[in-house]
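Quick heads-up: structures coming right below.
Okay, so subunit A shows up in both of these, paired with subunit B first and subunit C after.
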Partner chain A sequence: MTIYGWAGKILRVNFTTGSITTEDTMKYKDYIGGIGIGYKVIYDEVPLDTHPYDEASKIVLAMGPLTGTGVPCSGRLSMTFLSSWTKGFSVVDAHMGGHISHALKYAGYDGIIFEGKSETPVYLKIDDDKVSIEDASHLWGKGTFEANRILVEENGSDFDAATIGPAGENLVNMSCMITSVGNAGGAGVGAIFGSKKVKGFVVRGTGSLKVADPKGLKEVSDYMLRELVGGNNNHNVPAVPQSWAEYSAPSGKNRWSGAPGRGWHKAEGGFVDMGEQPVGDIDKIGYRAHKGHFDHGPIADKYMVKVGGCSSCPIRCYAQYDIDPLAEYDLPTKVSNTCMPIIYQSAWYPEGLTDFVDEGDANLVICGAGARAVDDYGLWDNYGNIQRDFNYLYRSGILKEKLPEEEWNSIPWHWMKEGDPRFVVDIVRRISLKEGEISKLGLGTYLLVEEWDLGKEYFDIEYLQNVTYNGYPKHHSSEDAWQSGLLYNIMYNRDCMVHHITNFVQSGSPYELYKKILEEEFGEGAVDKPKHYTPMNRAKARLAKWAFIGKQWHDMATLCNWMYPMTLSPSKERGYKGDLELDAKYMTAVTGENWTREDVDLVSERVTNMLRVITAISFHIHEGSTNLREDHDTIAAWVFDKEPDFEPFEAGTVKMDREDMEVAKTMFYEEMGWDVKTGIPTRETLERLGLGYMADDLEARGLLPA
Partner chain B sequence: MLFGPRKKGFAKEVELTDFSQEVNEDKLKEEEEKMDLMDYLDQLDEEESPLTSEELETEEAVEEEKSETELLADFIRLRSQAAHLTAKSSLEKEEPELEQLLEDLKNDEKCKDITSIRGEKDIYFYSKDFMSDNYAMIAALVEDNNLPRTIAEMVRWNCKTYPCATPLYYFKNSPYFYTDAQIERALMRIRQEEEYSDIQELTTGNNVRYLYSTLHMTEKYARALAEGVEYGEYGYRRSN
Partner chain C sequence: MSEVKKENKIDKLLNQEMTRRKFMKISGKSLAGLTVSASLLSLFGCTQEQVDSGAVSLWTTPTGLLVVNQAKCTGCQRCEINCTVVNDGMVSSHTSRVKITRNLMSNNGHGTYQDDWVYYPDTCRQCDVPACGEACPKEAIYADDKGVKHVDEAKCVGCGACVEACPWHMPTIHPETRKSTKCILCGACAEGCVTGALSIVPWDAVTAAAQPTRKN
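So, the complex of A and B:
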């Protein structure tokens, strides 16, 4: 039988026995791909009391049917595993871009299950159907850039490589895997590979995938590119006025930063001006994001060479820099990244920064040094928590108390005070190589609080941005998306990667415009005015559910969580309304099956409930909990206590109200079909979603709501 | 230049080795030699034009036959595409029969996309096919070259429409491109004139100055919105 979209096989590699087998992807069809396969395999095969670094632990790397078919913004893969660093030690997922997901699909695989442990350092080589475990002793200890380069040189220029760095090798919880140029999969996956002595993998895929309706797929893609897609994060108006556009971001700042006069000064051949990028002109989409300018302002233009990104993506959100001032410190000048590494390294300098060449360039130069360091060492930052932990603990004097005097004196604090880029490299090295007490920052916030006896009140400090007491920060939470954003922020076992609401709130579009579009979908009252919230209502609960389950869809399909869904459009002719049926249209064209939006929602809900069930079981095992509402979904106090000059619901504040959030949780649980007292899915919900076996499991453990 | 081409010894030079030439023989296909593109195009048969010579002549004739009105419309469209308005005063210098031309333009079905906006100092024409009404409003303000009025009108409009306070750096971007000195001078005049008394200033925690209109929001709300822009997901953003 012909399979469309999926490659058809999942690779299973046991590093203890050396066995390499394949199995039929269609066994997991009900879970689609990506984290769907991941959650299913982890649930079925890994006892949830397994330590992530044990031999029994597994990593499930998987893609969905849309990746590799040409669907825009589908160059992603998901990695599913158990968390080594958050309360409950439950299931988490990481996501990696670049080009390797496409390579794997073209090699014939929808996923790889990494299991067992090697005795010596190895890497996995996938050359279409020739798969082998190769010696990696010559790579062990090397940074990811050098390791990836050597792997490609040794195996061939048409291979893609992904490796862990010293952080993963040294079992630093805060570790990642790196592919391409700064594309990372985080959440601690680096150390799990490290515990298996697996340096990484290389892939050459020369095959192809079958698409049921190639003409239909092209039509949908063209439609999306001409009418729906905006800038980065699908911001649908440009940052500065463009002649074809009715609106622009009034602050002059959003993720459609390309504009006349802005561009890449270090481009080969001379300055490349971003110009205007009218809706409908698909050749200019790649000029819209101009992410460096969004991150660092005009100074970024001075050092930008060009942009890069992932396979199948027209957005090109990776700014690629050549930052000359770093050469003075004998640091690499070529840097590429799009997220925290290139944005948030200044937090390592609590006493401030000093400019290098031009006024206002300090942050970019420091971030350039930091991004190369964290990517090369394979250190992950828990969405900025590791930097914030350091910054706060330094300023409060706690760090000095915790470090032995000799170690404290060995740290080049003068570099920190001088704003020297070598400081961030030094600290990143210490954490990645587990040198000294300071490396405890690499445990992650939750375990650091335990290790250094910082007390539960640590999570209530506003600066630190921990959204719960579980060890991870907020990620586009109530500051963007009222109760709805806070609800899905507290659902995961790591920072949430949901961008559904922030994408339209931060788009620059007028409030009345996006309110109308969203409230047509979810009901009146779903969308609050920026910084002026109203009490919880059912429409907001529906909105929260849409965003929450939608993120799981992206990580199953596999699509970019920053670009999808296409909620808004830059097209005035469309009334700026996007198309929430788009994902179903892609599934229909690719797979040949008749998909509707309801079908997409159903599978998304299924996999979402798997996350919730696994979390409930993990919390029961590790915390003795029978109640996720009280033990997992607990919101840090600062969310309610911030901005003391304001009252909740007053214009100008995002402080939330405790009672109102309890109402919010109740409404949200009802919307999700969960028990309102415990926040655990009911049997009725699980049966409806084909997860009756999970209901049986919960019942056997005494966790199933009555 | 201090930070010019890197001096030897500062940067680590890496010699790249040759890539492995190992191939997966199972997947090896015989590679046909690829022809040069220009050679390929040369070898193709000459394609006859889909238009007959009569039709070609007619096309050219139609081009020649375009009326003055249509030519004016094309001119306005071209400028609109380049993000420029067309000022009536500039047309008056070149066209003695302008009023008649404009009347004809208004009545010509083929020129329905041409419209105008009245500025303080002139009337400006643009094509709705290439320029939005809101952009034309901004462009007209810029053309009028009354900076206090431009700043005040846009601050009020941003407050009412989005809603959002407006940072001063907004006016350094396209299509304004005002300098710091121009903005400060305009602010001095705004503070002195009664008609702009609703325009107020605030400074965020990272020292970025914003303007807002008390006609549309309170200081508290304007500050919260401005801080929200400046204090992003990870702390204060870089200043512009």
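So, the complex of A and C:
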């Protein structure tokens, strides 16, 4: 029987025994792909009391049926494993873009299960159906950029590569894997690979992925590109006025930042003007995202070569820079990233920065140095927590107390005070190589608080942004998305990475316009005015559930959650309304099965509940907890105590109200079919989702709600 | 002196009435060193500076001028996706008639992992006298009435002679169908290019843009 969308096989490689086998993907079909396969394999095969760095620990790398088919914004993969750094040490996933997911699908695989432990450094070579474990001793210790380059040179220019850096090799909890131009999978996956002595993998895929209805797929893709897709983060109106556009962002700023006169000055042959990008012009969509300008303003244009991103994606969200001022410090000048690494490195300089060549270029140059360093060392920043921990501990004097005097004196503080880009590189190196006490920053906030005895109140400091007491920060939470955002921020075992709501709130579209579109779906009262919130209601709980389970869908399918869902549209003719049926339309065209939005929601809910059950079991094992509501879904005090001059629900504040958030949790658990007392899924819910075996497991452990 | 003469000659050519035959004389060569009129630059979607830097290549094809501007290629691979989904009904990099993936990671010291981000889609040149067709032992590669070369799948035996004969190895033997995938100028790659790095400018547009206007 022909399989459409899925490649058909999962590769299983055991690095202890050297065994390389494949198995049929279709046995995981109920879980679709990506994290769905990830949760299932971890649950079935890895006892949840396993230490993440033990031989029994596994990494499940997987794509979904849409990746590789050319569905726009689908060049993604997920890696699922046990966390080494959060309260409960439960399941987490890392998500990686670039181009390697396509290569893997074309090589014939929907995923790779990495298991066991090698005694010597190795990498995995996948050349279609020829798979081998190769020596990587010449790569061990090298940065990711050099390692990836060597791997591609050694194996052939039609291979792609992904590797960990020294941070992962040295079992630094805060570590990632890097492919392409700085495309990273984080959440500590680097050290799991490092514990297995696996530097990374290379892939060449010369096969084809079959789709059931190629004509239909092309039509749906073209429809999305002509009518639905916006700019970066799917912002559906341009940042600044364009002649064809009815609206632009009132602030003049959003992530659809490409505009006439803006562009790339260091492009081959000189300035490329990004011009206007009217709705319907497919050949201009690639100029909508100008993340450089969004992050750093007009100075970014001076150093930009071009833009990049992932396979299949028309929104090129990676600014690719050649930052010459770095050459004077003997640092690499070529830098590319789209997320925290390229916007958040000034936090290493608590005493401020000084411009280099032009007014206002300090942050860009420092971020360039920092981005290249963290990506090369494979250090993951936990969405800025590592920088914030450093910044706060320095400013408060705690860092000086904690470091031995000799170590403190060895740190080039003068570089920090002078705003020298070599400072960030020096600190990143110390953490990645586990040099000295300062490298404890690489444990992650949760274990750092324990290690340095910083007390639970450390999490209550607003600057540090910890949304729970579990070790990770907020990621577009209540500040963008009222109670709904805060709810899904506390559901995961890492920062939530849910962009459903922030994407329309920050789009620059008029509030009344997106409110109407969203409330038609979720009911009156679902969408609050920016900085003028109302108490919790049922519509907000439904909205939160949509975003929460929808994020899992993206990491199953595998689609980019920065772009999907297509909630809004840039098209005036459509009334700016997107198409929430789109994912189902793609599934139908790709798989040949008749998919509806309800089908998508059902599988999303299934996999979401797997996350919840696994989390409940881990918290029981590691924390002795029988109640996720009380022990996992906790909210740091600053969320309620910030902005003391305001009361919650006053105009002008995004602070939350304690009692109201308890109401919110209750409503949300009810929407999810979870016990409101413990926040654990009921048997009825699990059985409805085909997860009766998980209900049995919970029952056997005494965790199933009565 | 001779360089200046050559430049003037081609400049004249580019700004006079253009026919496909005249364009053939510069096809496949880098346009570096040529002065191109504003109306043609606008049509090609490039600047004189990009022409001077060698970032722009032109290829004459039976249906129009194929313009590849590597300064604008952002490596999204949508050209390959659209090529294969339209022509093969399945999606692949390897069998695509336009090829970016093989240049994207590393190409002769350039590319993503060489830290310079110079990459570009390789395209079929639709040669007047095609090496692929000449080499085919089954005479499976034929020209239609416009001059576009096609593969007669009934005749193709998948021997790979066309792949070897093409100086740029543009055809590929599809591993599953065992037929040569040679570009048939369907245009899906260019139509779907999200930055206009790849475009096909129809001959009538080229001719119109190259005509001196009455006002001039």
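Everything that follows uses one rule, which is that the second predicted complex is superposed on the first by the 706 of 706 C-alpha atoms of A that agree within 3 Å, B and C clash if a C-alpha of one lies under 4 Å from a C-alpha of the other, contacts with A are read in each partner's own complex, and residues count from 1 in each chain.
Everything that follows uses one rule, which is that a residue touches a chain if its C-beta (ideal position, glycine included) is under 8 Å from a C-beta of that chain, and two chains touch if they have at least 3 such contacts.
Worth saying up front: this structure is predicted, and the values here are computed from it rather than measured.
Asks: Put subunit B and subunit C onto subunit A via the superposition and say whether they clash or fit.
Replies: Aligned on subunit A, subunit B and subunit C clash with each other.
Asks: Touch check for A:314: first (subunit B), second (subunit C), both, or neither?
Replies: second
Asks: Does subunit B (first) or subunit C (second) touch A:127, or do both, or does neither?
Replies: A:127 contacts subunit B only, not subunit C.
Asks: Quick check for you: in the superposed arrangement, does A:152 touch first (subunit B), second (subunit C), both or neither?
Replies: both
Asks: Between subunit B (first) and subunit C (second), which, if any, makes contact with A:206: first, second, both or neither?
Replies: Touch status of A:206: both partners.
Asks: For A:297, select first, second, both or neither according to whether it touches subunit B, subunit C, the two together, or no partner.
Replies: The first partner, subunit B, only.
Asks: Jot down the residues of subunit A that show up as touching in both complexes, subunit B in one and subunit C in the other.
Replies: Comparing the two interfaces on subunit A, one with subunit B and one with subunit C, the shared residues are 152-153, 157, 206-207, 332.
Asks: What residues of subunit B sit close enough to touch subunit A in their complex?
Replies: 3, 6, 10-12, 16-24, 26-27, 80-81, 83, 130-135, 138-139, 158, 161-167, 169-170, 173-175, 177, 218, 220-221, 223-225, 228-229, 233-235, 237-240
Asks: So in the complex, the part of subunit A that touches subunit B is made up of which residues?
Replies: Touch list, subunit A to subunit B: 127-130, 152-157, 204, 206-207, 239-247, 250-253, 259-261, 276, 295-299, 324-325, 327-328, 330, 332-333, 340, 343-344, 346-347, 357, 360, 363-364, 384, 475-476, 479, 508, 510-511, 529-532, 572, 651-653.
Asks: Which stretch or stretches of subunit A touch subunit C in the complex?
Replies: Per the stated touch rule, the residues are 68-70, 72, 99, 102-103, 106, 145, 148-149, 152-153, 157-161, 180-181, 205-211, 214, 217-218, 222, 225, 267-272, 282-287, 305-314, 316, 320, 332, 334, 336.
Asks: Once bound in the complex, which stretches of subunit C touch subunit A?
Replies: Against subunit A, subunit C makes touches at 46-47, 49-56, 70-78, 81-82, 84-86, 88-95, 101-107, 111-118, 174-176, 191-196, 199.
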